[in-house]
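A single structure is presented below for examination.
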Amino acid sequence: MMQIAAEGLACNRGGREVFCDLHFLVSSGEMLAVTGPNGAGKSSLLRLVAGLVRPCQGRLSLQGGDPELSIGEQAHYVGHQDALKPSLSVQENLAFWSAFLGGNGEIAAPLARVGLGSLAHVPARYLSAGQRRRLSLARLIAVERPIWLLDEPASSLDAAGQRALAELMEAHVARGGLILAAIHGSQPQPAKELKLGGGPGVIGGYMGTIAQEYPA
Amino acid sequence: MMQIAAEGLACNRGGREVFCDLHFLVSSGEMLAVTGPNGAGKSSLLRLVAGLVRPCQGRLSLQGGDPELSIGEQAHYVGHQDALKPSLSVQENLAFWSAFLGGNGEIAAPLARVGLGSLAHVPARYLSAGQRRRLSLARLIAVERPIWLLDEPASSLDAAGQRALAELMEAHVARGGLILAAIHGSQPQPAKELKLGGGPGVIGGYMGTIAQEYPA
Amino acid sequence: MSLIDLANPSRFSAVTARVLPWLIVATILAFAVGGVQTYFAPDDYQQGATVKIMFIHVPAAWLGIAAWGVMSAAALGTLVWRHPLADVAAKAAAPIGAAFTLMCLLTGSLWGRPMWGTYWVWDARLTSVLVLFLLYLGVIALWHTIDDPTLAARAAAVFTLVGAINIPIIKFSVEWWNTLHQGASVFRIGGSAIHPSILVPLIGMLTAFTLLFLTLHLAAMRNEILRRRLRTMLLMKADAAARA
Amino acid sequence: MRPLSALLVRDIRLAVRVGGGALVGVLFFLIVVTLVPFAIGPDLPLLSRIGPAVLWLGALLATLLGLDRLLASDYEDGSLDLLLTGSTPLELAVAIKALAHWLTTAVPLVVAAPLLGLLLNVDLGASWAVSLTLLAGTPALTFIGLIGAALTVALRRGGVLLAVLILPLNIPVLIFGVAASNAATAGTVPFGGAFLILCALSLMSLVVGPVAAAIALRQGLD
Amino acid sequence: MRPLSALLVRDIRLAVRVGGGALVGVLFFLIVVTLVPFAIGPDLPLLSRIGPAVLWLGALLATLLGLDRLLASDYEDGSLDLLLTGSTPLELAVAIKALAHWLTTAVPLVVAAPLLGLLLNVDLGASWAVSLTLLAGTPALTFIGLIGAALTVALRRGGVLLAVLILPLNIPVLIFGVAASNAATAGTVPFGGAFLILCALSLMSLVVGPVAAAIALRQGLD
């Protein structure tokens, strides 16, 4: 049983305040959908949780989970950029991240799962946008980590890909995983929602209050 | 009255065939929605029309329009990468492309139109994904060109942004413009559809035949 | 049959298969003749027997330069007509040309020891040849670091044409700068300036080396064509596997 | 005209924002010039003899440093695609980019050369001549480098390979540059001849460079 | 252990695929060595005197060339974010990257040095000593360079500015490297002293470099 709790988080980037006084609570088996208009701070929040951006106020705490690892070290971060090297083959790319992030060297299965089995030996340079996205999502399967931080994971995926992704996320949540996903429009599954860009946000019943942002 | 006609187009990339024997006809006032699964060849087709990829067979012809300009030189190409320099400000970025692509130096209005008026002086490095996308779409407004080649233009736009984009495209088509757009899922407006990834494709009644790919 | 038919790779390999044996024989004969002539060529009154190095040095130098010329012609074929055979010709010529250039450098510096008292001087002729050698290495590096052959061919073609500027520099370096290296005396306007007893064997060796180059080049081209066939077959197999 | 000037301004702006302007450039050469005495030991007559050579090597180094990003960055962020959809011929566009690169790397050196010459105790009169040769010769370095930059994009290669392709072509430029400079400093050989050849090389590369680069880029298209 | 070896293999692979392997590296140094005689004029005794210096300058140049991409490319494609979410400390990760850079740039030089020495007519016995000093000293160049690479990412700067930041720090390495080499070739000064200092510099930068780089990267986070 893990829990990520944010108390009064505030984030400044490039000197401008992105959001402030943000409270939320996500526990394993839950998915928190972070929504909001462009520039509301979704990516910033995810990067902040991943430890890639420093909060300028408030604290972010993790109950349960491995105490001597940071949140980021127990999390998968899938951002706007897919960390792929054009001159390495699809398989080499995945194999490296699997080894570096501490997966069990299993590569073929994840590739097949995201539908890149036949392209395993093609240089990543040759991949289409959706194929690149699929490859970076394959990390989620290749390496077992409890927390997923997904920034618009469905972007440039085709219908089939989006369905597969939704299943993947459901399965993870069902397994007791914990997901924070920044999404536009419809979420793939019923989930808590954290609307940004509408003043201070409170979610997840933390401090006993249910915010009006809670999904109707 | 312009017309882009493709006859038996085939495209090879990295030594493997992407699509072959593709026929379509788009004329001004129309929008052709290019759809298909990931890796079907949507982006390849758009790049081919823009003159950024060479067809290995077939021919692409433009009736009407400026005879001594290539299709690419009369077209806006908005690809997966938004050609922005992180160290230039939003305004500098747009101003440069407007000047280079031969627009009338009008910058403020386009920026306001895509909702970046307040960020005009922020370095592009600081933009969020959606803001970057908005900025590269601002080119469409800043420079008047009859042909638009849009590769998943709506990706990482919020709901409002997608609506604005749809209006923009409708207005362009109404003005007698001509759009080829690669899109996933629902098209923003009724349009001819060219499904890729299903063998040779024929569309637009070219050579008298209506293909089964024609939207039912 | 015309040159056009030759331009077809499979036709080309068929023809070369028939021509090559004869070429090999001709080369051997030419070397035999040239060798004998060289043996009986008189020693120079001041250079002594070392003058005989010339009979390797000059042809080697000549072919080192000529090979780049061949590559430049092929480069035009690649860029203008996008002809696969041109790519093959260019790729095959590079290592051979490099070898001849190296031979020229080595024999030259060996000769330089007795003549100039040093193996190497940074004189215009010598350096321009060294540059040629470096350019060869550069092209070879290009060919070997790029996996996609057509891409490599085009890049190498551009590079070859740019590098061709070096050829006149080599040729005329001796006229433009006062070099240690002696000027052209065989090929020059107003007839040759060498005594026939030297000139004849030199011509003999020139023909022999040229024949050798032809033989090696054609053979290398055939191998390259076969190699490409293999590659495409493998690619097609891979795609078929991917489809299934 | 307007597209080209816009491109020029943009590239200069980028170079200044990223590389840090002309002063940093001068500082760079200052460091190079101070490095050499350390490397070869403080021997004034020798220094003054190889002074021009050092400046020329500095110029070569500075040109090489920015080169592999000259077109690669535009390729990676998709700017190159848009440059191709512009109505300006590609040859002109890349020439302008090279010009911007030259203005931001070589010109600071040309200006600072007399000052730097003093550090290498080349006397002032000769220093002027040296910076004149630099002014005449550095364009060749940049525009030959342009070819390499285009090849790196077309081949998706870079780093040392680029240098390996470029440097041999730069050798003649270096020879005549240094020869002309030495002619000016030592006054042994006539200055005019080498200098004229240097100008010829620059003019030639001004034509060959952009054309070859454009061809390479077009060939590399996909 | 596995993460680190994976990172090492991947970076070496990238370097070879992009830069074209050790042979190209050797070719690069061959060219550098041939460049110098043009610059300073064909004067054999002088050449043999400054031969080691030339090799050292070559090493410096090669190190500089790849440096600004060393971390920047990982930053631009988002790899750096993932490197941070790995359980390996950042200090180690960047150290490994620097190691890969050293293996692919400096080692070819170390191996080829005796051969190159001949061209600069440094006699063979001395050449071995020179390549020994290179082996001992080049790590310092790379790991000091690592700091600059991290700064380029943190400050989103690059090009010449990076060189300006790095070179001054490299001067001591260069001094002692050349001193040790000259001691070996000329045999005037004792070889041991300079060589030991060189090793000390390398060891120090092996520690300072990664730590400083990691700090710079963390500061640059946003």
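Going by the order they are written in, the chains are A, B, C, D and E; count residues from 1 in each one.
Here is the rule we use: a contact is a pair of C-beta atoms (placed from the backbone, for glycine too) under 8 Å apart; a residue touches a chain by one contact, two chains touch by 3 or more.
Everything numeric in this text was worked out from a predicted model, so none of it was measured.
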Measuring centre to centre with C-alpha atoms, which chain is farthest from subunit C? A
B-D or A-D, whichever has more C-beta pairs in contact: B-D
Using mean C-alpha positions as chain centres, tell me how far subunit B is from subunit E in Å, no decimals. 46
Could you state the distance in Å from the CA-based centre of subunit C to that of subunit D? 32
In whole angstrom, what separates the CA-based centres of subunit A and subunit B? 30
When you check subunit A against every other chain, which residues touch at least two of them? 13-14, 80, 87, 125
Interface hub residues of subunit C, defined as touching at least two other chains: 127, 134, 137-138, 141, 145
Can you list the subunit E residues in contact with two or more other chains? 17-18, 20, 24, 27, 31, 34, 38, 41, 76, 156
Which residues of subunit E touch subunit A once you look at their complex with the stated criterion? 2-3, 5-7, 9-10, 13-14, 17-18, 74, 76-79, 81-88, 221-222
Which of the residues in subunit B end up touching subunit C in this complex? 14-16
For subunit C, which residues count as touching subunit D in their complex? 79, 127, 131, 134-135, 137-138, 141-142, 145-146, 151-152, 154-155, 158-159, 161-163, 165-166, 169
So in the complex, which bits of subunit B are touching subunit E? 86-87, 125
Of subunit E, residues touching subunit D in the complex: 15, 18-20, 24-25, 27-28, 31-32, 34-36, 38-41, 46, 49-50, 53, 56-57, 60-62, 64-66, 68-69, 76, 105, 156-161, 163-164, 167-168, 171, 174-175, 178, 182
